[in-house]
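Just below is one structure, and these are the notes that go with it.
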Amino acid sequence: MESNFILELIGNNIWAYLVTALIPLIFVVIYALVAILGELKIASWVQDRLGPMRTGPWGIIQPVAEVVKLLQKEDITPRNANKPLFNTAPFIVFTGSFAAFAAIPYSSKFIPADINIGVFYIFAVSSFTVIAILMGGWASNNKYSVLGALRSASQMISYEIPTCLSIIAIAALANSLSVSHIINAQSGWFWNWNLFGGQGPLYKFLFIPFTLILFLVYFVGSLAEANRNPFDIPEGESEIVGGYHTEYSAMKFAMFYFAEYANMYVVSSMITILFLGGWNSPFGNFLNSPIWQAVWFIGKAMFFVFVQLWIRWTLPRVRVDQLMHICWKVMLPAAFVSLIFISLLGVIN
Amino acid sequence: MSPNEIYQRLEVEFGDDIISLNEEPGFEPAIKVNPNNIVDIMLFLRDSEGLEFDYPSCLSGVDLGENLGVVYNLYSLKRKHKITIKVEVPKEAPNVPSCELVWRSFDWHEREAYDLLGVNFVGHHNLKRILLPFDWEGHPLRKDYVQPDYFHGMKVQY
Amino acid sequence: MSEVKDVSVVLGQVPTQHMKLNVGPQHPSTHGVLRLVVELEGEIVVDVTPVIGYLHRCFEKVAEQNTYTQVVPYVDRMDYVNSMNNELPFVLGVEKMLGITPSERIQAIRVICAELNRIASHQIAVATFGMDAGAFTPFLYLFRDREKILWVLEKLSGSRLLYNYIRIGGLMRDIYPAFKDDLRDIIKTVRETNEEINNLLNNNKIFVERCANIGILPSDVAINYGCSGPMLRASGVPFDLRRADPYLIYDKLDFNICVGSGTVGTVGDSWDRNWVRMLEMEQSLRIIEQAMEMIPDASEDVRAGIPKRIAPKGELYSRAENPKGELGFYIVGDGKAKPVRVKGRSPCYVNLSVIPEISKGYMFADLIIILGSIDIVLGEIDR
């Protein structure tokens, strides 16, 4: 309770909870606008061009223009589509992504819901998207959508396993699944972050190769979870046009679009929580007040969003069976071995 | 090998089926053959020692007024010589045996000649129109072709 | 809705149904209006049938109704990404029938234009191939450099894409004074960008995994199907019309024939076809460097050799090495100003007919890669 300053301010009543739920929603909307602009601009700079320049100075108002465009488009539903499934699929996708925001902290003084299985909750709730993508793909009455949905389902389900092993290993390191415990276990200077072995005396450097492997496994797995290049086969633009969201237009497509960006942020903040010390400042107690903690957390998460955008425009796409090969034959053994070593080293100490 | 030598080898093998060799200046040296035995002639050209025409360059249909002609341009990668074979069939019964099994390239070329000129290649496994819509009527590249006025309710002349 | 099938297990195999997927005329990856009817079993391709004819513009009928000079712009529009190479075989054929040979300076300029267009066409091929594989950035880099080539050709002939520059008996107009400096700039830029593209795309592990051992075309199948150009050379056959049947001044120039050798997979796979195009760009730069030396600075009247009346009598099959393969024209003339028959043998038409043969048994994503590696332009296929 003490980690939610709204409750301290207003008291433990329904209004406080409503405000607490509203703040992440506002954050998601603003973040989505920034992310859309970031994607357009970063893509342009990678490709040696300028990107949107006319809407506002240096194209800053472009995301607003995009949202307005999507809002005023005509909503087309194919005649033979399965209406209930077709209409609810985008909203379920967004719900799955947004529900994870309940447990994502911003600073030590504002965690919307500090449950003691925070990390597990975020991970479990993000898996809703698989069901919704399958629904949307099948209900569109389009062979391309079905292909995309099947590929997406197999991809997301497979990649949840190595990422899950990563989480288990970090939870073993920090002795807890709760977000605030994991982050507090990494307080101090930046060498206390889980990426560098977590807190503890010098022998923690033994952990470093394994935490590095787990970090890479989690990062690659998160790219696959978020359906981003090089794993964007489900929406593989060149092959199956739009994949599962071929037949969607206007607001429903905007929901899929939004949910993808929200998912990117969820995954980036998970990386920050698990490996990079969460809201802790890298300089120990310097610049560690709650407001600065929010800056550090959002900054670290946005850095990983930037890396995801950067990778999208650099690498080609992986084929479906090669993707499965990477997951089951490369990442899974690596994650297993790291988990075993970390648990062993943890037991020995 | 020069076209004359190729002509003589073919004459030795096939006798009356080989009609003439045209070597006028300005004209590509071309051997005119009887269409009935064309597949055997092509197989001989492709497989026999010294000729070895393994590369099919082109197959064109020509409208010669009263007859329809088919022109085969062949090239040999190994021997680096080329030859042109011509056949002529009357317009009322433009039947030519299909050579698509000798060189697979002629599969689509024959379909195009059928589509645009109306040459009927006997024995082709899939002689359908390739460039024009499936239900177009008439063969446009013929000299006496008249455009239809309407096609599926749409006016053709603009 | 289909009726419920009786799923009986036969020897451990569950009977499944093939799915017919229409990779339709409008698709981000079919390089134009091409329709492929694909029969899939899950993700494996069982059969492919290309359906063409959506861009048929009756070139051959039109050519019979215009004079020879008027046919040249129509020939341009067959393969619209490299018009200079399209004009070459037609113009050379008519010149041979008339018995004229333009001066060496004009021939050198024609060679430079053809090779510039070859680089431009290969740039598009590699760029769109990268996009088919999911790499969006090399497309932008290659198009940025293609702009330089298009600027030079615009200064030369007046238009960026469809030039109508090579005329029967000469050229449209002479080169401009700064031509050679612009060419040197292009040579430097294309070399740098090609190295960058090699690092970014061709040697990228993900790209290699996508393209190696995909769509293997054995050399005897390629020859029997009449494939030509980079498709044939990537299968190991060192056949280039510029060497086998030289035209213009190619017999005086020194360049290599680029042959695929199975560097990262089997000989004749899609990576080899892409790699042969990259190597050919370098050879084209060498040709341009040599041909530049052959142009004396003194200008001449390039329209002096154009005859007043072009009415050849004869039949000729003239061919030249297009970036996509062997482009041939079978021209029949009877002494009148308009030809009797002009048949365009386009390389892409023949190259595309190989697709059903080489894509059976691969996955659907591989089919898109194979199609991209053949490098088709629909304008040429449909004429």
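Each chain gets a letter, A, B and C, in the order it is written, and its residues are counted from 1.
Assume a contact is a pair of C-beta atoms (placed from the backbone, for glycine too) under 8 Å apart; a residue touches a chain by one contact, two chains touch by 3 or more.
What you see is a predicted model; the values in this text were computed from it and never measured.
What's the chain with its C-alpha centre farthest out from subunit B?
Result for max centroid distance from subunit B is chain A.
Would you mind checking which chain's mean C-alpha position lies nearest the centre of all protein C-alpha atoms?
Measuring from the global C-alpha mean, the nearest chain centre belongs to C.
I'd like to verify one number: the distance from the centre of subunit B to the centre of subunit C, where each centre is the average of its C-alpha atoms, in whole angstrom.
Subunit B and subunit C have C-alpha centres separated by 25 Å.
Calculate how many whole Å lie between the centre of subunit A and the centre of subunit C, each centre taken as the average of the chain's C-alpha atoms.
Those two chain centres are 44 Å apart.
On a C-alpha centroid basis, what's the spacing between subunit A and subunit B, in Å?
63
Two-or-more-chain contact residues of subunit A, please, as numbers and ranges.
none
I need the residues of subunit B touching at least two other chains; which ones are they?
Answer for subunit B, listing residues that touch two or more other chains: there are none.
In their complex, what parts of subunit B are in touch with subunit C?
Listed in rising order, the residues are 24-28, 30, 54-58, 60-63, 71, 73, 77, 80, 84, 103-105, 107-108, 116, 129-133, 140-141.
Would you tell me which residues of subunit C are touching subunit B in their complex?
Result: residues 52-53, 56, 58, 60-61, 97, 221, 223-226, 237, 239, 244, 312-317, 319, 326, 328, 330, 332, 340-341, 343, 345, 349-350, 353, 357, 382-383 of subunit C touch subunit B.
In the complex, go through subunit A and note every residue touching subunit C.
The contact residues of subunit A facing subunit C are 43, 46-49, 143-144, 147, 229-230, 232-233, 236-239, 241, 313-322.
Provide the residue numbers of subunit C that touch subunit A in the complex, in ascending order.
19, 21, 27-29, 43, 130-137, 140-141, 144, 200-201, 204, 206-207, 209-210, 363-366, 368
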